[in-house]
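One chain, chain A, appears in both complexes that follow, with chain B as partner in the first and chain C in the second.
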Partner chain A sequence: MSPREAARRRWARVAWIYGLLLTFGVFFVGPFLMGFLASLKPDPLEWPFTLRFAQVSPKNWAAAWRLGRAGSGDPWLGGMRPGREVVLEVAYFWPEDTPPPLEAAVPRRRPGAGMGAVFETPYAADHVRLLGPELVEKAPARLGEKEGYAYRFRLRVVYPGEGPFLERVPLDLEAPRGALYLGATLDPTRFERRGRVASWDNVVPGFVGYVFHNYVRAFREARSLETGESLFLRWTLNSFFLAAVKVITTLVFASMAGYALARLRFPGRQALFLFMLFSMMVPGQVTFISNYLVLKDGIFGLSKLFGVETLLNTYTGLILSGLVGAGAVFIMRQFFESIPREVEEAALIDGATPWQTLFRIVLPMSTPALGAVAILTFQGTWNEFFWPFVVLTSPREIYTLPLGLLSFRNAYGQVGDWGLILAGGFFSMVPVLVLFAVFQRYFVEGVSVGALKE
Partner chain B sequence: MKKAFLALLVLLGLASAQTQVRISGWGGTDIAIVSGLLKEVVQPKLDKEGIRVVYEPIEGDYTQWLFNALSAGTAPDLFYVDVFWSESLFATGRVAPLDPYFSKGEIAEFLPNLIQAFTYKGKLYGIPKDFNTLALQYNTDLFDEAKVAYPNQQDTWETFEAKLRQIQAKLKDVAGLCVVPDFARFGAFAFATGWKPFDEKGRTVLDQNFRRAFEWYTGLVKRGAARVAQDLGEGWTGGCLGSEKAATALEGAWIAGFLRDKAPNLPYRTTFLPLDPVTKKRGNFIFTVSWSLNAASKNKEAAVKVLKALTSPEAQQWVLERGLAIPSRKALANNPYFQRPGKEPELNRVVFQGSLGQGGYVYPFKFLSYGGDWMRPINEALQAVMTGQKGVDQALKEAQAALDRLMRK
Partner chain C sequence: MRIKARTLEALYALLLLLPFLFTLTVFFLYAFVRALYFSFTDYDLFNPPRFVGLGNYLTLFRDPLFLTALSHTLAYSFVVTALQTALALLVAMALNRPLKGITFFRTLYYLPSVVSTAAASLLLLWLFQRTGLVNQALSLLLGHLPHLGAFALLFLAFQTAQVLWERRRGLTVPFFDPALALFSVPLALLAAWGLGAAGILEPWEVRVEIPWLPTTARFLGIPYPLWAIILMNTYTTIPTLMVLFLAGLKGIPRTLYEAAALDGATPWVMFTRITLPLLRPVLFLVITLGLIGTLQLFDQVLFVGGSGGAPLEATITLAYYVYGNVFPSGATPRVGLASAAALFLAGLTLLIVLLQRRFGVSERGWSA
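The block that comes next holds the complex of A and B.
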């Protein structure tokens, strides 16, 4: 083979590898990125999909920040407080010499779906006054073939006197047919009526309120009817709580069971191990009805001793039914097998009991396996849908995040309001992503630990 | 100390004297409505009677959940029944007939069409909580811009189609109507011809009347009056109206919530569906849901009290005034809410009246116990003809054959 040929082959290999990597990268990360971008849009179903929309323009970021600060002093989440004033400027192209008649209004607007449709929040229309539009500038302009003028108007929203804090101040601006929108301090949320009405959902959004509009809505709009607290926040905390408890119980029981199976000699050890392996093969869908009935009766009536009629709709039931998974025991056992016996024999000679050996000697050596089990358990619990869905039905305050997202789908999906659902879904992914980024090493080990042999 | 003990005893006594009634429905928007209704109207009334209502909304597949819970014996005392699958549920005998608990007079206060929809083999199995029918919504902006007269209740299919054609011809980028290959919309037109989904023997015959409606509906696209919703990137006619891709839509009152979010400034109005030019009648569906009583309920008396409170005039007034749903009581036809100015009261009024005399031939949205299987052949025929894969003759022949096979089973 000539050196030329060798070089050619090498480059061909490089091209193949990078080509494949790139393809996979686009294939896996692409939808992810599109999902994220769509979750920022006011209309996530927008078709054709555009990459340039108002929420990603730095001009609007700055404007949203400024308007939020002017409205309430909070540049992040915005809103409007009494005694404040915000100014918005809008420019239109209009072919005639006299300015176009504009009609501006702060509409009374409430959400059409979900809990927002029932809660009565103060309407901005009852509290703020709209001044303008007043003409501030007129300049000759050309738009394509058409000669005309660019008119710049100023709108002032004033909140006089006393009153409640307003989370949002919507604004509608209607222009006559033939007037063309050129630009505004803050780009409108949407155009309606064939471009004649520019409509802002909130003229005091603040930076986060503008760019992450759907995320803020997820937290604000879904509230408990009983207490008024944010349901989405509640669900997130619930998921964290359950995941944390399950990680702890799994670590404790999986390490003890794994150690017993790996090291202790007792009759039926092998059979027990095989039985455990077998239980891993049975899908949850097969056993869930019997598990459900067991929880319904409070584990054969045992819970009645504690004055609890049923374990359905309780975390106790959910936690007890998933204290430890066979998979976790398996990983721990395999790892313990790989630890040299000599270490434990040394401990034995020093007079350590099996408990001491496990907790003082073996466990401190097993951090990789413990880490892997902890992370896999956390991720599994965080994403778990089916079993919590069966056990937890009401009230909505006890839902975990995946169940909450389902209820979002039911509440908002039927009216085509996908922004909230997409934002919620994306948000629920964040903890797992962070976990993965920080503990990547353990993820990989978690997969390989089970296969490890001396 | 003794006093505290006594107080505790009294409290305990009170707590045990309370009867619990569990009620369930599907989740989504209904959670907000039912919770509000319970809190503000129903529970205050029932407190005096010592009844406590526990509301358990179900997320996910409600039908599946209900059938499972009824077999497992965990079903609540009262639950929603959608008319669409009502007959297959009533046939199981797990729902208690309500005739012993309601007098003739009480039942007569509800719209007879709705009561009929929940009557199975001569017995009443549910009290309708609300309902919907189809109406025609149109975007006045687009009609003004094209200088076309608004649709009105004298319109026949022909005059209505002429208006749509003008819209589509004058505003190039707007469809007159966007059509969906779905019996849930097309059926209203088929009914207008006098066609019945089931004849006396319980069989479905796709006769000449059906064919006339079928040809008109599927031909709208070819004649330049409509476009297929999927071609416009929308899944339903309301989506097309909301995004101003079509000038009209055929939907029920559920479109109001959607438009409130999606297009709050859209100036739309509502009128009745157009008339069949031959029979001079219209047709319509009734989509409705009832509160029904569990036959295995341990406290039926209390549950019926809750049921009566949930469908009481005050409760329905509360729901109507918030524009959340359309009530099922006759007396509310003259409610001042319907006369209020604005697009939503008008929509609700037309939808309400769609179930009355103005509605013409009105049938509940149910197909004996066949459910969705019955609609499938017709939907497939609609789809095939609209996309030009098959001719009308062939599509209808195949649909008839599929229906015959289904009914022979």
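The block that comes next holds the complex of A and C.
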């Protein structure tokens, strides 16, 4: 084989491997990417599934930004304030010489179904006035075989006098049969009645309100029945709070326990270690019944000393029952075993207690293990479902994000509002994904360390 | 009086271990013993437990729902473990080479496993709807069968032409020579696309509308909704296992492969004689972790069931059976029965671990 031939073969092999890697990449990332794109659509289950839709067109981004700023001064989330006016232009193809009769209306439409339907928000139809459509331009045009004219109309939505802030201003525009929609300042959310009615959910959406329509709805529509605050925001904050607390308790207590197991001699050390391994293998379904009862009684009645009857539906209960996981202790122990003893021995000779040695000398050089434990704990708590699901049942305000997602799924799954469900799911992924992007090394390390058994 | 150094050390150990011992004793040991006790009693959370001996365990095996849950759990566990182990090994072997940008791919592939089961379940629900992406992709694939067929034929034609040309030049090339295929595949793709664009090949009108979720229909004895969960979970667990395999593959010396290549070993022989035997400890670890994890399937069942979703008898698992008996909607809790089922699940898990310890190689060999 000539050297040239050999080189060619080597290159071919490399090319095939990259091809294979790319194929795997599509497999691993594809469903997420498609799901994310679908979560931007008004109807994520449309058939056929398209990748070119109104929400990804830069023209609409710019229009949504302008309309939002015109409506309320907020180009991001839009809305409409009294004394403002927005202008929308629509173009139709129409074969005849006289302009097509268009009927425009601001419909009285309830925002969403499920949880969102409970709340009474001011109807735009009661406050705004619609001027137009007035003809602004007429030009001869051809559409395929057909000769005709392109008519451009202008619609003005004005909000005179005083009144409440309107989150959304819907608009319906009905064209006669034979008129073909050519384009608009902002593409309509959907077409109804065989394409004759162009319907905008909101003509003053703002950039975020248009592109991330379902995400904004997830925050706006799921609201607490008592206080009216956004439930979705509440759940997110709850999850953050719990994850932060649990990371701190786990870091402190797991290093303490791990150090004792790795370095100190005490009776029953080996037995404790084996018992710990055993506890990691027993499924949570075995222990949750008793743990539920223990929290119900406030940990053998101890909570009554603090005037708390039961620890069910409290974060105290959830935190106390998960102070430190056996897995984290295991990782810390393995790490401490792997570092040389000499440093500590010097400290011990100087008369330092194990407590001081751990916190002054060993921990400052344990950042890789602490990082891995922190990341894995955060991810674990953020994603944890079963135990919070048992402990936190009511009110809905105390849910964590995964529990909130379940109530989302149950509230909107029946009516088929998949945009909202997907948006909720993707939003809940963001913190973990950000964390992963920044600290990916720790994720992988944590998996490898955590799985190594002695 | 001075305390002996030994005692002092033990006291410090106790101090350091205190929080962990609290969690371990109250929320594990006590809970485990209590579950054991409940499993021999008739308990409904409200009235004091009444001893019934082995009654609960006997009732379990007469409860058709439990048997369904058991068969689902076992089927799910074995299928997912087999699939994810094989695929993770495949991906790890593809990634285990010193190529530029390989870390990028590793990061990319790890993505599905950082996502919560809740979010993954929502994605699953969307993917497997009647007009969801899975059915759409199947429709697209079936609709373009003519194109695929044309592609295959064109590839064979181009490849044959090239191979014949090379052989006439006196070179010995195998039929599926990768260097030649590198030209045949893009050419065939382009030609097939061109035939479609020119209107010579028409896509068929196919609309696959498999109701994946709201059904009890079975495929290979496993209900459709469970298949959906199987596919989704395989997909989200592969990356974690892949990382473990990569760590194991790094430990295999390259020289072994080089020596085998000199002796003329084929890739398959190298895989079965070098990779697999040396990877056996990791393989056992991955299989054990997979089995333990899959036996506890719960979240997805809850998400996939519910309004407009899969019927319970098509997805119920042991973990869900336990939960459903402790907190049944509109019925008396059967804590005794639930505890017995939970302990059965724990026994199954421990059995698997013990089997692994018995037949697997001690893990000490490779972790060093």
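As a convention for this text, the second predicted complex is superposed on the first by the 434 of 454 C-alpha atoms of A that agree within 3 Å, B and C clash if a C-alpha of one lies under 4 Å from a C-alpha of the other, contacts with A are read in each partner's own complex, and residues count from 1 in each chain.
Simple rule for what comes next: contacts are C-beta pairs under 8 Å (C-beta built on N, C-alpha and C of every residue); 3 or more make two chains touch, one makes a residue touch a chain.
Just so we're clear, the structure is a prediction, and the values are computed from it rather than from any experiment.
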item: Overlay on chain A: chain C relative to chain B, clash or fit; value: clash
item: Touching partner for A:L323 - first (chain B), second (chain C), both, neither; value: second
item: Partner chain(s) touched by A:T353 [first = chain B, second = chain C, both, neither]; value: second
item: Partner, of chain C and chain B, that touches more residues belonging to chain A; value: C
item: Which of chain B and chain C A:Q414 touches, first, second, both or neither; value: both
item: Touched partner set for A:L406, first chain B, second chain C, both or neither; value: both
item: Partner chain(s) touched by A:W47 [first = chain B, second = chain C, both, neither]; value: both
item: Which superposed partner A:F306 touches (first chain B, second chain C, both, neither); value: neither
item: Chain A residues contacted in one complex by chain B, in the other by chain C; value: 47, 293, 389, 406, 410, 414, 416
item: Of all residues in chain A, those that touch chain C in their complex; value: 5, 8-9, 11-18, 20-21, 24-25, 28-29, 31-32, 34-35, 38, 44-49, 249, 252-254, 256-257, 259-261, 264-267, 269, 272, 275-276, 279, 281-294, 299, 321-324, 326, 329, 353-355, 358, 379, 382-383, 385-386, 389-390, 401-402, 405-406, 409-410, 413-414, 416, 418, 421-422, 424-426, 428-429, 432-433, 436, 440, 443-444, 447-448, 451-454
item: For the chain B and chain A complex, residues of the former touching the latter; value: 26-29, 31-33, 35-36, 39, 55-60, 72, 74, 141-142, 145, 233, 239, 242, 244, 254, 256-267, 322, 324
item: Touching residues on chain C, where the partner in the complex is chain A; value: 6, 9-10, 12-17, 19-20, 22-24, 26-32, 34-35, 38, 45, 91, 94-95, 97, 99, 102, 105-112, 114-119, 121-123, 125-127, 129-133, 136, 171, 178-179, 181-182, 207, 235, 238-240, 243-244, 247, 285, 289, 292, 295-296, 298-299, 302-303, 306-309, 318-319, 322-323, 326-327, 335, 338-339, 341-343, 345-346, 349-350, 353, 363-364, 367
item: For the chain A and chain B complex, residues of the former touching the latter; value: 43, 47, 107, 109-115, 117-118, 172, 174, 177, 190, 192-194, 196-197, 199, 225, 293, 296, 389, 393-396, 403, 406-407, 410-411, 414-417
